[in-house]
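Please find the structures below.
Two complexes are shown next, each including chain A; its partner changes from chain B in the first to chain C in the second.
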Partner chain A sequence: MPPHPTRLVNFIFSYCTDPASLEGLQWLSCYLTTGKHMSMYYAFGTVLLLLAITAPVALAFGFGGASAARSHFAPLRWFGKAYIAIVRGIPDIAFFLFFVIALDQGFEFIRHKIKCPDWQEPVRQGNDFVICTAAKLPLGNAPQWVHESYGFALAVLTFAIVFGAFAANVLFGAMRAVPHGQLETAEAYGMSRRQTFWRILVPQMWVYALPGLSNLWMVLIKATPLLFLLGVEDIVYWARELGGSKQPQFTDYPHPDWRMWYFLALLVFYLAFTKVSEVVLDRIMARLTHGQATAAGEAQRKAAA
Partner chain B sequence: MSCWETIIDYGLRSQGIGERLLPRNDFTLCQQFTLIGSGMIWNVYFGLIALCTGFFMATAVALGKAAQSAWIRKPAEWFIFVFRGSPLFIQFFFAYFLFLSLKAQYPVFSPLTSAWAGALVVLFLNTAAYSAEIFYGALQSIPKGEIEAADAYGLSGWSRFRRVIWPTMLRLAWPAYTNEAIFLFHATTLVFFSGFPALQQRGDALYYANYFADKTFNPFIPYPILAGYFILLTLVVIGVFGLVNTRLNRHLPQERRKRLKIKPQVIR
Partner chain C sequence: MKNLILSTAVLALTGSMAMAESHSVVRLGTEGAYPPYNFINDAGEVDGFERELGDELCARAELTCEWVTNEWDSIIPNLVSGNYDAIIAGMSITDERKEVIDFSENYTQPDPSAFLAMGDVDVTTAVVAAQASTIQAAYVAGMEGATLLEFATPDETVAAVKNGEADAVLADKAFLLPIAESDAEVSIIGEDVLIGGGIGLGVRQSDTELRDKFTAAIQSMKADGTLNELIVKWLPDSATF
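And now, the complex of A and B:
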């Protein structure tokens, strides 16, 4: 490997080549476009990616959970109800910390059973979790990006499981809010249980579910900083990293402890994000209630008349 | 070492009383139960004090948001928006570093950089904002007839508020406020993961659960213990708030009394 060049950096602005000579706004513009700051801006992308993947997956989990809780097969119903109930009494952060390790060990254990069937020793030895090298996830010699993606995937799965429980709770309530007469009518028309569920119940439940789901979206946005606890290099990580005081001998841009300002920026970012979501969700709700037989729909009709 | 000795050694460890060194290896179930339970003292402390003090500020902010004058209404709206619209986790971080830089200039602020005061301030403001929104909603849905009746009795100003508006507001808000209390207790687990240092490893329940999970690499024992403690705490909160609910509704005929229903409203 060739010796690592210390200052091989792509400058966005041409005047950034000699930071020591810069002043004021120019200094700031160079400081905010260093390679590490670029990594921080990518981390905002990570947060958005997490939201984009987690929201549909959690909705699917929630739908599964809510359907299970309505099942006529008792063990499945118990499973669904238990899944919904976990969110009620226990702090969600405990779940985040728990699932990340538990899922990791679960996957490794399954791979261990498949890949090393003639392994004799127990997996748990005192304080160690011992599996054969071939079953390690990701493999010890895997490149760095595999490790990072695996960590991110575990985080997404954890978020989806926890938020799936919340979504299941919302959807379960929405399914019960659909007027019972609708379901009875469907049965009177000779529809089977499955047909009633898919053709009558599911299309009608969304209006009732939307307030809960939009609330959940807000909650999901506000939960994204917890990625930090799951070991992903997210915006909280970078804010702590970049904000800490920097000595002149280690960096071209020395500065005192600025973590307060970095977290202020994150605070503003989240406030703006929440505000935008609120406006968009209100519009969607207004569109969906249009012509519906709900109180809000009635109010719209009266206002238009 | 018997379990009783462990309890004497570690029962108040989270307050810095008893054995200094945390167990390093051969963790027993008893040690895990005792230390995590010891950490619960912090969760109860943060939750209880933030709730009791936040209640009064929430009432004031709710009245502010319902005020006619924009000079009072706007600050109240902004206060609620800032604390409800941003993650508590980021609020903790921001507050911690804010207190650190304040401390560097004015030594008066040094207690605020430790969890017992600094995190408590954040939780107090946070629960005040969430509860204020609940109380505001309740204020808006007070039956018009009750206020008109108060006017007819010649009540006005403070006595109308104290005898009619405030009790009705509390009665209407109570089910939602119960949820708020439950999730405030859950939110206390974030304190020691968000910048505020656990001095000499005096942490809360999640701090110790996380310690055991890290050391034993086995999440299946400490986290369920923590979950058990929190379910107990949640049941106590529901019980106490249920008693208050009964008292607030005691003038209503039996069938019109609302039972408390617990709806999760989750992370902040």
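And now, the complex of A and C:
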């Protein structure tokens, strides 16, 4: 028989020293505060942080992509259109598996060229990607949290590129939806192209973009489990790991297959989160509609009058 | 976008200019979902046979080691692209894997695999669950009459038997025994199957230095009997050296 695991002291409740003797709520309170569960709670924070950083970055990518796609400078326009078309067309999972490894190796290759100019061996040796130790990213001897942060940063960048392409398409459409008369009037007042863009087009396009962007936000919330493909342990990973049946030989808290309960908790979390998002988005929409020459803006004006 | 990539690259360049010695830290990649070989304990740390073995091997080879978990599916690609330096995850040495990575000397004998099922099942005509990309999955695929059902994690293969999706599961016997003992519904059936060439540490093919260090450490553990002690402690049904 494998030995019984070493008793792990729970730092929150003092009565958790011998879980086998506990029952009911007391057992549950100990179970839910093990170090492993703490990792899951921490993962909720990771997911929220990812969303908080990715959303604005993706929006910036989208804005850049949309502006490029309607540029009067042809190569820039081609670049914008190609970005939107190519990234939207590739399945997320393929993008995540291939692109991230390629991106990581790209960074390492650049560092390799700079840091080890005397290196003679080929970088590709059969299946292996071999670069000098100093060029490793992060360095092999860096602590684990550096590796994790690096993985997280790659995840943000990849999410931003993917969702940025969709956002670019939404914004591109929104820019065209702004009534052309507005732009012509601006020109008639003597505004330059740049002034028209920043003073007339951009402030008015958001109301047309928001429904599409809010869709994207909802999809982004649910796409976070893709994080695990990048080696970041997210909440779905932990729900699967913690929920799987556990034998008494390997844990102080043996239990049968509880994945259903863990996934139920995730369901509640995601539903609550999307509900909060909806409320916030509705408020933003109401504010953006104010004073706009749209049906909703007109209704707002009449209600106030 | 350009700015972001550029600033990331600049950050990465200035981050640490110190030259690292070759393998000053060896990162060990494992799955963390295959007790008793490797699993995550209540404290959230890697534990099990391979944890104890790996720590001892690193001590003997005078390496500083760090544990990393990675999904089974992408465990070889991530080794090859350099995200960690060795795989220590109950991975049997096979010719197919040898084409892609190198292995240290084996640290277990070829381990018996077994079928686990609810009640008596004729495995030759059954639907058999196995973890994807394992020697067991390859074995079931080669069984005439049996249907292979693959899952990403070991835990899901057992769950599939319990909810009736599969008739039986084929996995390492050391993994299935504790489950059969603690769960009255399922039991080991039929005869054990001997597949695979024993378990070894996987390393990049270009990394012969690390492979030789690990092999030397394994040989020294075989010679003084400490490896057998670990096998008896964690894998009671397996053959010793």
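By definition in this document, the second predicted complex is superposed on the first by the 284 of 305 C-alpha atoms of A that agree within 3 Å, B and C clash if a C-alpha of one lies under 4 Å from a C-alpha of the other, contacts with A are read in each partner's own complex, and residues count from 1 in each chain.
Here, a contact is a pair of C-beta atoms (placed from the backbone, for glycine too) under 8 Å apart; a residue touches a chain by one contact, two chains touch by 3 or more.
Just so it is clear, the model here is predicted, and its values are computed rather than measured.
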Chain C versus chain B on the shared chain A, clash or fit after superposition: clash
Partner chain(s) touched by A:G231 [first = chain B, second = chain C, both, neither]: second
Partner chain in contact with A:A223 - chain B first, chain C second, else both or neither: first
A:D128 touches, of chain B and chain C: first, second, both or neither? both
Which of chain B and chain C A:M260 touches, first, second, both or neither: first
Touched partner set for A:T34, first chain B, second chain C, both or neither: second
Per-residue contact with chain A, leading partner among chain C and chain B: C
First (chain B), second (chain C), both or neither touched by A:I101: both
Common ground on chain A, meaning residues reached by chain C in one complex and by chain B in the other: 97, 101, 105, 126-129, 228-229, 240, 257, 259
Complex interface listing, chain A residues touching chain C: 1-3, 5, 8, 34-36, 38-39, 57, 61, 64, 97, 101, 104-105, 107-108, 110-111, 114, 125-131, 133-134, 136-142, 144, 147, 153, 157, 161, 164, 228-229, 231, 233, 240-241, 244-245, 247-254, 256-257, 259
List of chain C residues in touch with chain A within their complex: 1, 4-5, 8-9, 12-13, 15-16, 19-27, 32-33, 35-36, 39-45, 47-48, 64, 66, 68-71, 74, 77-78, 80-83, 85, 100-101, 153, 155-156, 158-159, 162, 178-179, 181-183, 204-207, 233-234, 236
Chain B-touching residues of chain A, taken from the complex the two chains share: 87-94, 97-98, 101-102, 105, 124, 126-129, 166, 169, 215-216, 219, 221-226, 228-229, 236, 239-240, 243, 257, 259-260, 263-264, 266-267, 270-271, 274-275
Chain A-touching residues of chain B, taken from the complex the two chains share: 25, 27, 81-82, 85-91, 93-94, 97-98, 100-101, 186-187, 189-190, 193, 206, 209-210, 213, 215-220, 223, 226-227, 230-231, 234-235, 262, 264-268
